[in-house]
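The first chain written gets the first letter, and so on, giving A, B, C and D; residue counts start at 1 in each chain.
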Amino acid sequence: MSLKIINKSDLMPFVANMMGEYEVIGPVANDIGFKFATLTDASQVRLNYNTTVIPPRKTLLPTQETLFSFQKDMLAPTFDMKWRVLLGVHTCDLHAMCMLDEAFARGQPDTHYMKRRATTTIVSMECLDTCDENSFCKSMNTLTATSGFDLHLIQLGDFYAVDVGTTAGEALLANHAKSHEATRAEIALLDKTMSQKWSKFPVRLHLDGKDLPALMGVSYKSPLWEEVGKRCFGCGSCNIVCPTCYCFDVRDEVSMDGKSGERYRIWDSCQLDEFARIGSGENFRKTHAHRLRHRFMRKGKYIAEAFPGHQGCVGCGRCARACLVDITPVGVWNSLRQDHA
Amino acid sequence: MAQNMKIDVHHVTRVEGHGNITVNAKNGVLEECRLDIVETPRFFEAMLRGRPYTDASHITSRICGICAVGHATASLRASETALGVELSEQAWLLRKLIFHGEILDSHVLHTYMLVAPDFFKVGSVIPLAGIAPDAVLRALRMKKLAGDLCAMVGGRHTHPIAMSVGGFTHLPTVDELKAMRARLIDARKDMDETVALFKTLPWPQFTRETEYVALSKPDEYAFIDGTITTTDGGRYHLNDYRKVTNEKCVEHSSSKHTAHKRESYMVGALARFNVNSKQLHPKAQEAADALGLKAVCTNPYLNSAAQVVEMVHSIEESVKICDELIARGIKKEDAYKFAGKGGTGVGACEVPRGLLFHNYEIGDDGKIVNANCIIPTGQNLANIEADMRALVPQILDQGQEKVTFALEMLVRAYDPCISCSVHFLDVKFV
Amino acid sequence: MSIPAIESIYLPTLAWISKVETMTATEKFYTVELPRGQSLGHKPGQFVQISLNGIGEAPISISSSPSRSNGKFEMCVRKVGDVTTALHNLGEGAQIGVRGPYGRGFPVEQFEGRDILVAAGGLSLAPVRSVINQIFDHRKKYDRFIILYGAKNPGELLFKEEREEWKKRSDVEFLETVDKGTPEWTGNVGVITTLFPKITVNPRNTVAITEGPPIMYRFVLMELLGKGIPEDQIWVSLERRMKCGVGKCGHCQLDHFYCCQHGPSFNYAEIKGVMEAL
Amino acid sequence: MKPKVAFFDFTSCEGCQLTVVDSLQTHLDLLDVVEIVQFREAMSERGEDYAIAFVEGSITREADEARLKQIREQAALVVALGACAHLGGVNAIKNLAPLDDVRQYVYGDKHKWYETYAARPISAVVKVDAFIPGCPIDREEFIRVVKAVLLGKKPPIPDYPVCVECKLKENNCMFHKGGFCLGPVTRAGCGAICPTYSDGCEGCRGAIPNPNQDAMKDVLKEHGLTVDEVMARMTMFNAFDASQLGK
């Protein structure tokens, strides 16, 4: 679609206007970092954030979500159909959300996810610089995005170029922002900024993300898994912070008299001991090594194969930041790659 | 009429910790009259030795689940004086705010849930909920407010989290303070009704002259820091606390006894009232008038009435502190960093049950070399026994059941926190 | 299947327990009735999610064959945890929730004209019974029919009456064994693989179906392959932890397969290279 | 009929029982579903006919063992309430030094008057059916456990580490803020309350099954703690386990 321009000074009014009609969720300051939160004031938004502890997937798949409530034998499904705008999504996270869309629509579509997705408008952001030494989006080809968003913002000095991705995005812009069609000069600046940005992102992974499935295919028996397994806590942090993880547990909560309550799902982690244990007590992934292998297989191979065109890792680096014993995708994959060089 | 009586209350109920009452009268003569502390000894001072000073407040708050904020505060003050740490104004305001939260929490628990059942002649708050549901719901409401106030500042009431040497690891937001202020204002109605309720209670008429000891400060009704002040005219610097407490071991009690110049003294809400009543918030003074409380009051049963008065004070002071914090705005402050130089310090505060001292010696490696804690209930034990000895002969003719009831009520009025009081000997290092 | 706009895929349908029978010390057998005589519409080898409000859900195999459904289905439940214990405490007439059927069953139509060999261990006779009865009800469509069944001890053998009947039938070769006998037990003693020398098969025309605890099916697979049955004629049903039953929650993933979607019935050729499967 | 429950305490601060009382603020209907027959801290009534016993506190002298065994005999279900009962808790710190030294330090030449032995969790004396971890227990978790027991479910006590809940709360990691934390090896269920208030986890809920203690020590050292400080951290609530390992 078309390319529009919003002046920097018109951005806050745009956010404030949207807040009049939508729940607007954007990056805000959180202690020493950032998190996605519902804005109560437009000035809270921090579009220049580096990254968040938890990815914005929580907007589409909340950390905890009621599936239905019950009163004696009466069941009532719970859907969240609030109209919302998810603002300031980095492109790595956007790629991840496109993968989630596929995963939840596949087979029997997950009605709860689908409804929330249908009422969410995504305004993404182009990163012009790296967040820290952990991200490797360049290798995973998620450094930019040409689809998946409704609107996409690229900051160019005193104004934002706005790529319009969908009619919903177009309407959002038309109804809430002061914008104009990009001029030739503005397009030229966009061109310049975009072509200059690549060199600012170092290459950290010694192979292209596209080649990961092949590498993982020959790495099943690598001694590396035992090695990293010795260090791993099995703390699950890496899963919880990952934008492409979506496993969940299902639990029931009841009232004191046991007559009413709800069934809800909550984010889960394949690194936890219980994750694959069954009724007889058998655990199909007993050790940290087995569980780590599963996680990296999923990130590097299974998802790419199950959902062609998508990736199980988008290179955001969150898991590397979270892991206290330095078990990172870049480290693991570079090391496997070296073994098979 | 010659009276024989043997009373043996095994584990006084509705008090924190384990205590037994023993009375033995032959031919109208009191032969034995004791409050035995049978709580297991806990050895906190010994446990602190060799541990980083940063752990002290977290470990010692585990002395008591009811006055955990109080122990944490005294512990932090001891470390702060030992290390020469100055608190910011904001940190002082927050320390006071969470302290008021605990005073309120503990006093609601004691007056409504532990003492009130005696007046309604029931065994606990559960049947009380049947006869006076409004009062019980009000108590739960006020307790929730107090707990939430503590949680806002310290993370939770029992064993606060965010209190640390030099300040706080986490700060409440202005929005949270505003919401809390509104709830405190709403609570005034519950407080008025509380005063009205306790005004009607038939407090036992018993008086005995004794010495009352509390902290005092020139400019406020003291809860944290101050000068040790007694109704007998004693004034001591905190460093001289041993001149007041004079702890000694007593065989029938795993808690030590204390005495100043007389055989015993009293600490707690009534002592604070007797020493500092002029500094109470005007609304609290009104409540005192309504409850018929006048300094110096020598009826120990009225300790519970003094607690009601302090509840009013704490609510009003909390509102004031919230106002001040909201006006100043909350600022992030740098955490204290240990400079490699130890020292010795005393921390004192007026926890709900009275005067509490922590005294630490910290080495240059940041580890605790010596520790001593003196707990309010320990200081009250000798006084409780003196009261018992004075009271029993006066009522001996009323029969076993009534005497037992009056004694249990007396012990309860002191709001004893027996598990805290169980500790240990002077280690001379100040 | 398309989802009506306002339905939750996690919302169970209410059903009733119309019959409960105690099978062993730890297993009970249930007949479940669906509302309005609705049929479950399942294939042999599929499972349902049984739901109890406030307790939770558990995947349970359907034990009855589609050929004998008419508004009811059967299941056998072993008491191991929260849901299964709560189920054991329910009596006839009690309401339960059902979602499904889910998963891939055994493609019995493809087996027509073949010899069928079923090897089941322990509780697994319950799910496999859905295939067995389907075959009995269309017996003419299949050639030879062999059933091998093993359990830890005689007390754990399920479906006593049906087994008696199978023993009498001439159109099935039924052999059973127990790992450890009792004084009363007069039959075979030994693990299920000790039954294999007692049968002869035509490997080229045999379809084998096996299900049981992991330790059992690993050995059975070795026997089947040892007899020369082609890999793509061997079917195995796997159990994994499951929370959703619809391929979302991730618990049942084994390598790139979701057990609840691609299984629980797998073709051996398909999964033999899947490291975590067997 | 409502199940009869009783509360008991041994060596502890009674904060867990207080938390039970506090849970009534938001769950007064607890009294509709159970009958409390004994709760010394809060009531004078004393019934001996109970099916479920909640026991707070650790065992620190022989004299208390008999009482605990009597409770075990009466109750169908014994639940350890809080860290002292579950792990030994802070009381077990004293186990790390010679007992006589500890006693003399506190009571001087009178120490013989006061009976004590190495503090232990109640499971070291009787069989325990369930535990509610924490110092103090978490109110909501207490209620969840009561509800589960009434429904015949396993008590929903997590087996995974605090990090899971900490991340779900979107906290910045204590180690990234210059602090220390035992979250990676400590059982969750508290909602990561300490890291949420920017104080590292102290391990009051005990270790998860198969904790990677070696990695924990390495991480603590790497972030600047001395070996002594690492040990002090790891033994604040878990000194009983630590002293057992040495045996």
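General remarks:
The definition used in the following text is that a residue touches a chain if its C-beta (ideal position, glycine included) is under 8 Å from a C-beta of that chain, and two chains touch if they have at least 3 such contacts.
If you're wondering where the values come from, they're calculated on a predicted model, not measured in any experiment.
Of the two chain pairs shown, B-D and C-D, the one joined by more C-beta contacts is B-D.
Distance between chain A and chain B, defined via averaged C-alpha coordinates, is recorded as 51 Å. Annotation: 25 Å between the Cα-based centres of chain B and chain D.
Mean C-alpha positions place chain B and chain C at a centre distance of 66 Å.
Averaged Cα coordinates give chain C a centre that lies 44 Å from the centre of chain D. Contact with two or more other chains is made by residues 151, 198 of chain D.
None of the residues of chain B touches two or more other chains.
Chain contacts: chain A has residues 251, 254, 258 touching two or more partner chains.
Here the chains touching each other pair up as A-C, A-D, B-D, C-D. Per the touch definition, chain C reaches chain A in the complex via residues 1, 3, 6-12, 14, 53-57, 78, 80-81, 84, 95, 97, 213-214, 239-241, 243-244, 246-251, 253-256, 261, 275-276. Chain D contributes residues 10-19, 21-22, 24-26, 28, 31, 36, 39-46, 60-61, 64, 89-91, 93-94, 97, 101-103, 105-108, 110, 113-114, 116, 135-136, 193-194, 196-199, 202, 228-229, 232-233, 236 to its touches with chain B in the complex. Those residues of chain A whose C-beta lies close enough to touch chain C in the complex are 67-68, 70, 73, 75, 77-79, 103-104, 106-112, 220, 246-252, 254, 258, 261, 263, 265, 268, 270, 275-280, 282, 284-285, 294, 297-298, 301-302, 305-306. On chain B, the positions that touch chain D within their shared complex are 11, 13-17, 39-43, 45-47, 49-52, 55, 58-59, 62-66, 68, 109, 113-114, 117, 123-126, 129, 140-141, 143-144, 147, 154-159, 161-162, 164, 169-170, 249, 251, 254, 367, 419-420, 423-425, 427.
In the complex of the two chains, the chain C residues touching chain D come out as 54-55, 81-82, 85-86, 89.
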